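Here come two complexes built around chain A, the first alongside chain B, the second alongside chain C.
This part shows the complex of A and B:
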């Protein structure tokens, strides 16, 4: 059984803005993990949202570390200054590794939001953003 | 046909601010005349489409609101500290110092708490750039051209989770109140007789949350 792919989502105030399922083991996109586990992954990620909102006001750092653990999977979260949530479902990566990944994605996110045609809290459809997030995930998380 | 990869906004640097003191010719500053020209066009555009003074102000506010949301992320990122503002006073200081510096190249002149109302704060600026080159005609009465800035403030506060109603007011400067020499005075401009007061009124749930965090 190959390594479990990581799942990364950006969640705005009302809806997910960006989703990516990234297979960090080979770089080749494979759907061998099956539909069911993917759906379960989404479920785990979104059910962690309540926990994120609960801890959001207790700390003033952006990186909230691991907020939820289900079986062997962990949910790490990063909140931007405008409380946009970056969430990553992974199987036990190092805290620093995940932090570096989030920092890189944050940089892309801020640059993306500087685009006058991108409206805050709307789904991200930029292909360039997608490419860079996937490259960052492979660079940091494999 | 294909665009050069380095043309993509995601590959360009985010224009980091140099040291706060010194270097006045900053990479991220815009020419004053260019700004004044674009801003006057913006005001005229909305003036032609607004039926009343309050509608014109509301239009300027909503034009600034989106800017505020983006400024928040950008300033927070450039701050390099990787922290969010979770407390009422710290977000107000963030607005009146960090945000103000990045937008206008200086801090706001003062930040005061209203004596009468616990939920009201005032950010005072003696030389708001948005009304420096605007003279309000008689028939527009109390119009404040700084409504755009109040929209930016509202955007920053709202984005950070502190929903607030922000309004801009022109207030007569009293004799001897502002003794400092003008900081970015344009030669030939008379001394300003009015200051801009941005009244920030937080919504009750924000104050409630801040009170619980106090404990």
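This part shows the complex of A and C:
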């Protein structure tokens, strides 16, 4: 199985606030995954949103684990206190690993939301946040 | 005891305020909070005020100003103005407390160099809880710089990138911590030193250190004896 890049998306109330596609494979990255699979990824994530809302009521913890599986891909979700969804599309990473990644990103997100220039539930344009998330993804998910 | 006196005075002031707009109220609220914060972080009272509350309150003040005025230059001016009215007040508190604490303020400052030392080393430590250094005196000893690394006001702040229209204007021109300039200007004016203060470097803009340049314009004659004048 070729190493599929993971897709990390932060979803607010009405729209995605942030997205990052992170290539976690350390070797030569395959060019086979093109436009088609990217679109399919978004489709999978979007359809998982309903399942996120459903499973949010089944647990007390913020980490909702894997909420949806499509073929080889899984969607893990983390729900912050303000109902902002962190969603990660991956091909079977360990639950703990993903949890740690989410916790790290959550820290960065909290730091970002303390910034007076960031308005809640608006797209995230901070470069520092982006680099931090990517670094975290590389550290935890590869 | 002191608190109840404060709150009484506060209520009286507040009662006088209905004719002014929300913005003035906000300024007022901030200066009250600022007052509480630096009362607590002074030498005598050991427990510290919550730095996060302080930083977040200042942050919302600045963003409110940005929303109201749009032009960052105008926001800088407003911050300077607010700072001045804080500085005018806190110089008294500073002199009273610094004296009480007996931290080497043995006599009056004899030159601008002394003043710089006092402002940077004691003022910053007392009101903000961070250390600052002074340096870069000019040839004629009429201007100097204050350097400090930790800026308690900008704890969580990250200026939005240049192309970001969320705030409407180019915030690169915004001097986020410009309130310091006003405070120093106001405080020194109370002790008869007319100065120009500018924020030269700011860590928010990627500089190594925060630098505030202070330039002495004139020593005001009013109230000061001849022996007090510069040189």
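Annotations for the structure displayed:
Quick note on the criterion: the second predicted complex is superposed on the first by the 134 of 142 C-alpha atoms of A that agree within 3 Å, B and C clash if a C-alpha of one lies under 4 Å from a C-alpha of the other, contacts with A are read in each partner's own complex, and residues count from 1 in each chain.
The working rule: a residue touches a chain if its C-beta (ideal position, glycine included) is under 8 Å from a C-beta of that chain, and two chains touch if they have at least 3 such contacts.
Nothing here was measured: the structure is a model prediction, and the numbers come from that model.
In the superposition on chain A, contact is made by A:59 with chain B only, not with chain C.
Partner contacting the larger number of chain A residues, of chain B and chain C: B. Once the two complexes are laid over each other on the shared chain, residue contacts for A:43 go to neither chain B nor chain C. Touch criterion met: A:111 reaches chain B and chain C at once. In the superposed model, A:80 lies in contact with chain B only, and not with chain C.
By the document's definition of touching, of the two partners only chain C reaches A:125; chain B does not. When both complexes are aligned on chain A by C-alpha atoms, chain A residues 111-112, 114-115, 119, 126, 128 touch chain B in the first and chain C in the second. By the touch criterion given at the top, residues 111-112, 114-119, 122, 125-128 of chain A touch chain C in their complex.
Chain B meets chain A in the complex at residues 8-10, 12, 14, 66, 69-70, 72-77, 82-87, 90, 159-161, 209, 213.
Here chain C touches chain A in the complex through residues 52, 56, 59-60, 62-63, 155-161, 164, 166-167, 171, going by the rule given at the top. Remark: chain A residues 56-57, 59-63, 79-83, 103, 106-115, 119-121, 126, 128-129, 132 touch chain B in the complex.
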